[in-house]
Amino acid sequence: VQDLPGGPSVNQLNFAAPVTKIAEEQHWLHWMMLIICTVVFIAVFAVMFYSIWKHRKSVGHKPATFTESVTVEIVWTAVPFLIVILMALPATKVLVAQKDTTNADLTVKVTGYQWKWGYDYIKGEGEGLSYISTLDSSQRAMSDAGKPEGDNYLLKVDNPLVVPVGQKVRVITTANDVIHAFMVPAFGIKQDAIPGFVRDTWFRAEKTGDFYGQCAELCGKEHAYMPIHVKVLSAQDYAAWVVAEKKKQSAKADDPSKVWALDDLSKRGEKVYAANCAACHQANGKGAGAIKPVDGSAVVLDADKSKQIAVLLNGQNNGAMPAWKQLSDTEIAAVITYTKNNWSNKTGQIVQPAEVLAARK
Amino acid sequence: MSSAAHGTTPYYYVPHESRHPVMAAIGLFFVILGAGQWINGADWGMYSLYFGLVWWLTVLYQWFKEAVGESEGGMYGRKIDLSYRWSMTWFIFSEVMFFGAFFTALWWARSHSVPALGSLENALLWPDFKAAWPSLVAGATTSPAGIIEPFQTMGPFWLPTINTALLLTSGVTLTVAHHALQHGDRSKTIKFMWMTVLLGVTFLFVQGYEYAHAWGDLNLKLSSGIYGSTFYMLTGFHGFHVLVGMLMLLFITLRLQKGHFTKERHFGFEGAAWYWHFVDVVWLGLYILVYWM
Amino acid sequence: MSAVLDHHDHAHDDHGHAPAGWRRWVYATNHKDIGTLYLLFSFAMLMIGGVLALGIRAELFQPGLQVVNPELFNQFTTMHGIIMVFGAIMPAFVGFANWMLPLQIGASDMAFARMNNFSFWLMIPAGAMLVGSFFMPGGAPAAGWTLYAPLTLQMGPSMDAGIFAMHILGASSIMGSINIIVTILNMRAPGMTLMKMPMFAWTWLITAYLLIAVMPVLAGAITMTLTDRHFGTSFFNPAGGGDPVMYQHIFWFFGHPEVYIMILPAFGIISQIVPAFARKKLFGYASMVYATSSIAILSFIVWAHHMFTTGMPVTGQLFFMYATMLIAVPTAVKIFNWIATMWRGSMTFETPMLFAVGFIFVFTMGGFTGLILAMAPIDIQLQDTYYVVAHFHYVLVAGSLFALFAGFYYWVPKWSGVMYNETRGKIHFWWSLISFNVTFFPMHFLGLAGMPRRYADYPMQFTDFNMVASVGAFFFGFAQVYFFLFVVVPTMRGQGEKAPQKPWEAAEGLEWEVPSPAPFHTFENPPKLDATATRVIG
């Protein structure tokens, strides 16, 4: 295994190499703390071990009888007090800087889903772009097999978050189901993504390159499998990427009024299922443990198609089955059609995107 | 204790081995086992829960009976009396902290989470949500997702105000009873104790009626968003404490009728009275924070 | 119980003076027996929690999933935390309190002997529910020991079992604490003024106060979780106006004092042991009392240092950062007082002292990493990484657990009447100390490098340190098995040298004024004490 540039190094001993001012400051603070603490530690325990060595009974040391000294007590209350004030001063400065999310050049909304990240560019160059970023599925398979390899093991995603270098990027976090946390060590950021609420943080990357992080708040069974990959591009490259991405997205956008044939829609649904549903319901649709099977499920087999549509749009059981409204109408229609016609489910029913659109309120 | 060997109250009374604690724990085992299963839809859980409760209450009855016997048998000296006072004080403190958690939830929701949900920032997620606390703005639901059925809030008039009067009066009657006991006027004590108990019972009936009214007429339910959640949890836990306090007073009254307690020594009475006053104070908090504001 | 009581009619059988057979334990009202029960229970829980930890470490030995799947892994993590905190460490200290407090303050027993036993027996159904939850549909709770909403709302039925179990444990703790406070406040022998009380009693007095203040708050938080799960409330559901972060505030208002609940009695034990083996009185007794109280008071206003990444206003972050860093000051006073107690003493290093010195040394490392975490800008990097895991195992394992070991070796002669084997004690100490550091020291590096906690699998670059940690964990685990088989079991069987009344030359306190093993009843009449309240004079 080699070091992963922008990600962890082999047997790394300290913070990731900083790529933002804030991360640099954190680095500096940490060194300061480490040095002060080490010095105090050595000083304190030098005294203790000296005493342990010199004042042993076995060398015939006789116990002294002093038990109290107000002066000494005051001194050793005051000194630590001064030390912590000394530590707090620079920390305050960094903290205030790190919370200042005003005047951003680019604002991206980051949404945590079980178990992937959604990126929406909501202000600045690239406004309107929106996509989902998921762990590369071969990585998950390697994990299950217990035989991982590669320097970017568990960090490889399909669509990285792309940002321009040297620009202030404001990251607004939120979540769809449970709390996640958006963390990129090289940038010195970590911000919880809380369902129903927005929070924010910011970074200004000073180098181009690839930088990695992972979800840092327990969010269920696939918590370890929702990495973050940020690609920092030069201004020109970023502009080019935005143009290309816009094209790609408009080409991919499905027309919700299109009427599909069952086979095509089911094929499309198979992909949606693999990317979103299989993590819980399993590829064989049987579910596992507390997770209900899709194969043979009454709701799936029901002739009233609106029931299953409602479950996908709104979730069920307090979000144990999360809402999937972030998927497009076509994707939802496709995956429903797929589940209605796969495994032992042979209903022959087809759900058109228009029906999903109608069911959204 | 050997100091008691001289025929007086022991310096400190340490009871024999007793089967009550382990029995009580067994009862509670069935309670939590059953409760956990029942709310997940297993019917046998209900039987386990009730079985456990009955078991537990039976054990408590025996336990308290034994303790009362010891008390009346003169086993409890001045030290024990003081121990009971301390323990009741700390127990009430723990109850204060318990209610504190729910009052905090109310405060946090009102002055933090609901406004935050309706803030400019959050418009990104809930563009149409106007944050307003339901008791301030008619028709507000505190639900950004619009998933909550419309409901009306519960104002202070008249049921909660009647209840306030009931509880305050009961505090007075209880104090009268206490004074009577201190003056050795047992029949007056008992009379006023019964009044106190009755006031407590009436309170519970009024609250039951209030709930029926809220649920049925106002469509105010546990599921009415954070307003309904805090409303029912606060008033509900309070009501439960009224029930417990009322039962305490009831047993004290029955004991008074049996001739228990003396004018100098009656901590059982006082402990129940402290508890009742505590319940009273919590109610005043509720009355102001939940109903008026 | 003496003859007096026997001519009162009791509903149950009368066993006269010497209780025997199973009834002695199951129906116990004797503080010593109940203390023993607590200690045995907590050791069993330490084993169960430890086996779960070894499950975690086995899975993390190398990247990729080899031993458990991620669901089960999260269950292991969660139940490891809950069982260790509520099942092992807390009851162990209560066990010490039961055994030692009445002896130390010259009382005949705990204030409420039956309630005392009730507190103990409540732990059994709760513990059974917790361990049993692994066998429920969907497995054990897997939302972390902190049980953050809304993840808890997605858990299966075992979550409810867990919540009810925690309710029961809370009730047990509250009753236990009331018992302890009342015993200390009301049952001291005449002459044992508060400021002459042994430090262990002082720390427990303050701990019990903390417990009564925060256990009900935890009960409130998990009750809200319960109603959100089943009764349609919206406490933590933003769609209904609630807030998941509210759970965290309520939880940590409990959670932070909780961690001091697990360390203050440890401080008390160390404060007993260090003077005994330095043959010199505790330095700065009064300042120790004030420092302990300050820690307890401050502990109520620092909770949000666990929440720096939830995105609170900068003023909030600053407040909680400063308040947290302030706790280093009273803790510093404690450390310095211990060292000043050793200074110019006449020290010997039997096992209790070894563990005490080890405690001071290693706990301070954990304290310093705590201080580093308290710096909000740094915590942004470290929150929810293995650095935090390293921090709290330094203070909990090398702190609380080592102090418990120290206390065990110090007092076991009084409990069992026999001396433990000194060589074995020393082996246990060095084996534990070394393997502890091998296990948890590398976790600092993992955390700095950004390895998140509660991860079933990790990037390849983290492999080596994880391997070291896993190997260390097994060695540490076996050290505890050794301790059980070769130290605990022999003393329980009464094998070993007979213990004198006061095995430690300079130990002070009333517990050394009664024979070893301590007779079933002690101080049935309040003893007359000398001016220092450390000797019985009549």
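For reference, chains read A, B and C in written order, and residue numbers begin at 1 within each chain.
The rule is simple: a contact is a pair of C-beta atoms (placed from the backbone, for glycine too) under 8 Å apart; a residue touches a chain by one contact, two chains touch by 3 or more.
What you see is a predicted model; the values in this text were computed from it and never measured.
A.B. asks: Find the chain most remote from chain B, comparing centres computed as mean CA coordinates.
C.D. replies: Result for max centroid distance from chain B is chain A.
A.B. asks: Does A-B or A-C have more contacting C-beta pairs?
C.D. replies: More C-beta contacts join the chains of A-C.
A.B. asks: Rounded to a whole Å, what is the gap between the Cα centroids of chain A and chain C?
C.D. replies: That pair's centroid distance is 33 Å.
A.B. asks: Determine the centre-to-centre distance between chain A and chain B, using the mean Cα coordinates as centres, and give it in whole Å.
C.D. replies: Distance between chain centres: 44 Å.
A.B. asks: Mind pulling the residue numbers of chain A that touch at least two other chains?
C.D. replies: 196-197, 200
A.B. asks: Enumerate the residues of chain B that touch no fewer than two other chains.
C.D. replies: Correct list: 113, 116-117, 144.
A.B. asks: Going by the touch rule set out above, which residues of chain C reach two or more other chains?
C.D. replies: 228-229, 238-239, 243, 245
A.B. asks: Can you list the residues on chain C that touch chain A in the complex?
C.D. replies: My answer: residues 63-66, 69-71, 74, 137-139, 142-144, 148, 150-151, 153-156, 228-229, 237-239, 243-245, 278-287, 309-311, 314, 317-318, 321-322, 325-326, 328-329, 332-333, 335-336, 339-340, 342-349, 357, 360-361, 364-365, 368, 371-372, 375-378, 380-381, 383-385, 445, 448-452, 454-465, 506.
A.B. asks: Quick one: which bits of chain A touch chain C in the complex? Just the residue numbers, please.
C.D. replies: Residues in contact with chain C: 1, 3-4, 7-16, 22-23, 25-26, 29-30, 33-34, 37, 40-41, 44-45, 47-48, 51-52, 55-58, 61-69, 72-73, 76-77, 80-81, 84, 87-88, 91-92, 94-96, 98-99, 142-155, 173, 177-179, 181, 183, 185, 188-192, 194-197, 199-201, 213-225, 288-290, 317-320.
A.B. asks: Using the touch definition from the top, list the residues of chain C that touch chain B in their complex.
C.D. replies: 1-5, 8-12, 14-15, 19, 23-24, 26-30, 107-109, 111-115, 117-118, 120-122, 124-126, 128-129, 157, 160-161, 163-165, 167-168, 174, 177-179, 181-182, 185-187, 212-217, 219-221, 223-224, 226-235, 238-243, 245-246, 249-250, 524-526
A.B. asks: Under the stated contact criterion, what part of chain A meets chain B in this complex?
C.D. replies: For chain A paired with chain B, touching residues are 109, 122, 172, 174, 196-198, 200.
A.B. asks: For the complex, which residues does chain B have touching chain A?
C.D. replies: Its residues touching chain A are 113, 116-117, 121-122, 124-126, 144.
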